[in-house]
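Take a look at the structure set out below.
Every chain is named by a letter (A, B and C) in the order it is written, and numbering of its residues begins at 1.
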């Protein structure tokens, strides 16, 4: 399946990267070693020694450098070999690929495309665990399924009515009516008002209210969602557009989620969720994380089973429904960006 | 390997199919969902939603219908989609394959070929668990081996002398002399008289008797076996043909066995066995099932090892022996029927 | 990867081969059954019955013969079928491949090439567990990696400084200076003097000494290593050549190690190690085996990870260093011998 390369992929949680402890992850089938030095700098290299292809992630941090612990070659953070034990001359081709890497919003972001085009402004505006406005829990799940199937899941919330009837207690509205979908430069925006409702498991209110939820789903596969519960009539007052969050009576939360394609048909799914400080506390955060744990397991069962069916299908074809507008828009965007990347690469090679 | 499609394959035990609880099985590499409705009807569909290929076996029964629990598409038992949530128009191509399915003789039989040719009279006459004449135990085993290797095993009983020397206590006669093999329209018949013998573990007699065993092995892979112990001289009296079972002094039992090719090189083996009411009771049934459990494990060890050897052999060739007459006749029949099916399919496509 | 066929491969420990108990091993992708008869003779055949490819290793020893326990074919130690139950005529092509096999130096050696060229003098002079001069422990490890990667490891001891810094406590000398490497007819010789050193974990001395280690690494993948600790000045006195072991003050040990390519990318690694009787006892042997256990686990972690990286690399290329002289010489020898074998085979086929 197609993925965009000129994009920032989430490689892990920034706070879990201990100094001088190399961390290995495979993204888009490429093994990458990431390490944080005592100086606080973070580096990412191809996880493969030039000598005999041992993984550098089994290596030892030495200052800003990383030493392969098979036969001792020493690598600069830019990928160049600067020491080959017992040998004076180092061949100029002795270097591995270097990846731009940035810690932001509690995530480690790796740029998988042309390093010269790495653009920090393209990092999606996730909400980090240390954000002053939110009280967030977090977690991650490994999938035996392609990242794109998880993206598709997150781009069509009509599945809430069926997959998450138990966990979120989602009602029929997600499947009965399409949400408002708006194309963005690097993704799509999803918006849904549910009028006159007592809400779902995560934001139940004693009397009917208007409930709003919205998320941006951004290249390469990052979901940023918020919403809240508003007085009856708010939906119509703002013409089903974005409400003034200061008028929310409860239920304002934020969730950041990222899907990272790893090797073959596997992916890692990162997520955080929790209430705004004005709408909840650590106890509510823990309740939300409990619901999320159940819901994300429900997704995983369905999506991994879907992957198995696809793998047993000679020529798998999908049949989009009215709810697939977000899926279709996003996947077309991926295809378009990937095509442009290939064209540029061919042009550069001429 | 080649298998016949226009045939009834055993998909499971009828009594284990609970109402409104979809059951998934893969036959000939095709995922199938089977369910029993509150009305008692049994349905079988391709286990793959038209929308995004989620398995319908994770779905929910609603009356006679089955709802995919990913995004809520609702399927009629004939495979047509009758509801796509949030969408008025349903594309006519929104349908999955329907499989004829019948519960009979305690088994669920699925017709894997052209539904228009599904012919109930081709269901092999197995003996169900509720048959008034027999007291039967039952079980099943999953094999990491092709169904055809299990068929081959069941078609050449010379292996009893070696593989089952411990369990059945089979003597040398199975290997020393060929059985009488007769071709049938949809299989082969095996008949063997053992004269003047005290029998095997499952039918030991205190003094020598004539012992008879016979089975039909039928398309696609169903073994139906009976036999008994008769007074000395009976074999010659009936010219080594079929005896009058009313003259049996003991040991009349019946076993039904079915081999179902699942995905790739895996198969499921179903079996029942037990004495005729005139020749035993529940205690004898339990003793026989104990012997069968040991014997079928012996087969599984050998056949799965054989599969491993075959998989490591570049161009595997067999060298048939005198005992392979049943194997050869049956496999030629399979090849012939499969060839005819392909010819008909090509003719129909013109 | 390329391996030499006209060579003796270690198949197992001779003392572990119980009489009349067939033992299965796969070497170079070929399944082999080895058995010891009551007479003490050892035989090795292709582990695959001619009839339906069941493994003979599930068979029964009968005198010098081995009976397939699927349908009872009986095999002579030379591979010929001498009995097919129930059948008078035995086809002349009913035979499996016979492998020359010898128990020596506590190992079972199998000749994988042309049996007519099996030459006992090519068995590497390992030190068996019953050797009167040494007190040896032994063990084995299964690798999820190609044998050749393990050979490469054993041919470049510069890895000791990095991989085994903890276990052997190896200093920088292994990586800082190249060892003396000498080509042999069937391998290479490694020699290293470390002057004025207190040694490594396995031979620590209270005051600085000259330490010597040397090994031959022989086709197909056998390492035979010895060495010892000598008075200061010995290295220079013998011009960094082979010392007189009678002058060793301590630390004389011997280790025999063998790497056997099994199926696909797996290998089995056999090893023994222990002190000369004049330089240690069972307690020292146990201490050495403890160190070896740790060190060989360190190797396994690195080499299996290396294999994984290689498997994920589209066109894996190595970049040899100054320490790769032994690796390069040995692998070129393997390529040359394998090429000659193919040429001879083609000539013989004309």
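Everything that follows uses one rule, which is that contacts are C-beta pairs under 8 Å (C-beta built on N, C-alpha and C of every residue); 3 or more make two chains touch, one makes a residue touch a chain.
These numbers were taken from a predicted model, which means no experiment stands behind them.
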Same vs different contact residues, subunit A with subunit C, by half of numbers used: different
Degree value of the rotation bringing subunit A onto subunit B, based on Cα positions, nearest 5: 120
Inter-chain centre distance, subunit A versus subunit C - centres from mean C-alpha coordinates, in Å: 48
Where subunit B touches two or more other chains at once, by residue number: none
Subunit C residues within the subunit B interface of the complex: 26, 29, 31, 47-48, 50-55, 58, 67-73, 84-87, 91, 93-94, 263
In the complex with subunit B, residue positions of subunit A that touch it: 152, 156, 158-159, 161-163, 172, 175-178, 301-302, 305-306, 308-310, 312-313, 316, 318-323
